[in-house]
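Letters A, B and C name the chains as they come in the text, with residue numbers starting at 1 for each one.
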Amino acid sequence: MTLLIKNAIIVNADKLHSKPQDILLEKGKIAKIAASIPEGSHKIVDAKNKLVFPGLIDLHVHLRQPGREDKETVETGTRSAAKGGFTSIFCMPNTTPVIDNAMIVEAIINEAKRVGLVNVYPVGAITRGQMGKELTDMAELKAAGCKALSDDGKCVESSQVMRLALEYSKMIELLLIQHCQDHTLTAGGVMNEGYHSMVLGLKGDPGIAETVIVARDIELAHYLKTKVHLAHMSLKRSVELIRFAKSQGIQVTAEACPHHFTLTDEAVKGFDTSTKVNPPLRSPEDVAAIREGLKDGTIDCIVTDHAPHTKEDKETGFDNAPFGMIGLETSVGLTMTELVHKKVLTLEQMADRMSAAPARVGGLATKGKIAEGLDADITIIDPEREWEVRVEDFWSKSKNSPFVGRKLKGRVEVTICGGKVTYQA
Amino acid sequence: MTPQSKILDQENIRRAMMRIAHEIVEKNKGTDSLCLIGIRTRGAILAERLKECIKTVEGKAVPVGILDITLYRDDLSVVAQQPVVHETLIDFDLTGKKVILVDDVLYTGRTIRAALDALIDLGRPASIQLAVLIDRGHRELPIRADYVGKNIPTSLDENVKVILSESDSTEDEVMVKKAGA
Amino acid sequence: MEWKRRDLLDLQSLDKEEIELILETAKSFRQVSTRDVKKVPALRGKTVALLFYEASTRTRVSFELAAKRLSADVVNIASSSSSSTKGESILDTALNLEAMNVDMIVVRHYSSGVPYVLSKNLKAAIINAGDGCREHPTQGLLDIFTVQEKLGSVKGRNITIVGDVLHSRVARSNIFGFKKLGANVTVCGPSTLMPRCVKELGVEVSYDLEASMKKSDCVIVLRLQKERQQEVFLPSLREYARLFGLSQSKLDKASKDLLIMHPGPTNRGVEIGADVADGCQSVILEQVTNGLAIRMAVLYLLLGTKELQ
């Protein structure tokens, strides 16, 4: 089966092509890129006046399967991802049971293949049951298909366990992703500690809960001369620490979410539980610093931390509601609206932060770029298309988004994964 | 009738109050156990004036209290805005007293109904009598006044306005005007 | 000044005039409770539900009496007896009450913001009787009322709030209310129980109770949750009492006119000495009396605007 994309303005991380080209996809690969390719008998996708990005990659997604299929499943989550322009996603291990053995990894990969919309890379747990005590069988997890390990949802708090995990994962060449949060400092906080938490009477989560782990793990990576990837950075101070670490040549990479470069803790004012997220929405200075970090590359990747929750679970007091918001279907719109149209990122930088960098960090050598011979994963975006986020339009099983009602500019038009159209607006 | 006409002037009002004072004393055979309760706001002013008139007539001061009937109104669930509540100021026991309830205008009778309920919650008077400056008719309840300054036949689209120097800082008068005039 | 709000959720969003109207109205209601017949028919036929998800005697009884003295019908729902234990959400419970045409819901909840969420979803009037660590507006109002009555005015007065400001909804309501009426507010308490950004509320911060008392017209002593020690906010209750407990010996060094208030119930010997609580400068019981008048005023004003929306 072949697919021909006509009139493609290709946006790669290293180059924005000024002239439209045609791209021929064949057997799941990009077969040919040329000024004009005859239509022949190929299925045609016309990308006229649109931008053609390498398939977007999200390193941080919660699919909830197994265990909470009422919130999301591999099927609904990947449909949502395809609609959001993603062709590859990494799903986090805080499921029930936890993804800490090969059997669950394989089950998820098989289910994702059956659905056939998005490449799903399960992230295995660092510690058994995410309990922070014993290391998982990391080599077995890698063999089963894991590209990275994380205890996401929880932080590996013990410095000794984190040291050993980093040493071991270095040996088997597997990336560790740390959820940076010292829970003893968070101490039950449900939103950013500051003026708003004070007047709302909500328990504050102090930024230092994040930064002490960022600083510690940078030190560990430095000492062990290994890599570490820091998940969902939310603070100015974290950006500064990472910038310093990178300047020292420490192999640290980091990611940030659209809500952390778009919203501040003032959004919690109406007690809307969809604004309850971990790490919490921070101050305007933090938002500005995350944008700056994405611009200068201190923060490598944009991820969604897509965290679906049912209405029943969210419809409770703010204190008791679970953390998290969905994000797969709003990521491109928010990145274009808040970063590209506001001249924080160039289009090439967007292609980097949403595709090339995640591919690089996640070890996906054949992805992240539109080039002959690489995987036929493509996302076509209309940068000028304005749309409103509406509850009824979400394909995710859950609707917990604080962006409902927001007008965005820039929309995914077509998603192609493995040479096959997986979404068309 | 012209859109607005003056029914009573300062002197008429003074005389009417004096006459009522006489009638009260006569009917009650003196001032023993007598007290005056004025309904806020103008009834309270008239009660004070009546007290002075009775003093002139009998040489004795009778106790005066102020009743706020807001909480007893029967239209609280109907009006859009809660009327402002003021204090009821009655610093003597009503039980066994002959209460003269005083108001400026007697109209539907609903205010007096509310006042009767309020008084009975405050004690058990020996009797309650009603004194009003103006009775304009159109009763909606079986209530009548014992003492009336002046009966003024009115139509429903007219307003009776009692102006008293204490509350309105202008000379006393009673006006009738067409609604909207 | 007319009352326009359907709900009373906090003092933060009220303006000075609205607070003054409630205080003025409360004056008129105080007299009702001093009569033999302690009842007026103002809210006859109205139904008030008391939905309490947190233990409370004083506030609940105060609201219940306030409603009953205005002739409203009262239903009491405590969390242990309601469907909350069966997993029904508070919004469901409230919607069910509304389906039975309850006119007003007085809600206390351990989670901040619950009254706010209810008000967004219900037509019934909502009164916040304390939500989490956020606000307890009627307590704030009765404290202001008590100061106004005792000192004649609030403007320019120096109020010290001492104790666990971090977790106190009473402190928040008092800070907002007193500031709006022009008082100077000082918060005093251990640094571990002081919100990080507390100065942004326009208050002074003190760690020296005796010094603050010397400058104050009134001290509001907050109740100390004894669990704060287990949570390591405090070294010990003894140490707390030493620094921030309002003892007779501290009081002796302050002005004889200093008013002492406490929202109750008191932990005697911890945040307040027994002799201070019962002493002649304490107006703790008058606060309780005034609380009833304030709640009657609030019920009366809110039920008048129910139809507006």
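We adopt the following convention: contacts are C-beta pairs under 8 Å (C-beta built on N, C-alpha and C of every residue); 3 or more make two chains touch, one makes a residue touch a chain.
Note that the coordinates shown come from a computational prediction; the quantities given were computed from them, not determined experimentally.
With centres taken as mean CA coordinates, the chain nearest to the overall protein centre is C. Ranking every chain by how far its Cα centroid lies from the centroid of chain C, the top place goes to A.
In this assembly, the C-alpha centroid of chain B lies 40 Å from the C-alpha centroid of chain C.
Taking each chain's centre as the mean of its C-alpha atoms, chain A lies 78 Å from chain B. Measuring from the averaged C-alpha position of chain A to that of chain C gives a distance of 45 Å. Contact residues of chain A toward chain C in the complex are 193-195, 197-204, 206, 270-271, 312, 315-320.
Interface residues of chain C facing chain B in the complex, by the touch rule stated above, are 2-3, 24-25, 27-29, 31-32, 35-37, 39-43, 45-46, 70, 297, 300-301, 303-305, 307-308. Against chain C, the residues of chain B that register as touching in their complex are 68, 70-73, 76-77, 79-82, 84-88, 117-118, 121-123. Chain C meets chain A in the complex at residues 12, 89-91, 109-114, 116-117, 120, 131-135, 169, 172, 195-198, 200-201.
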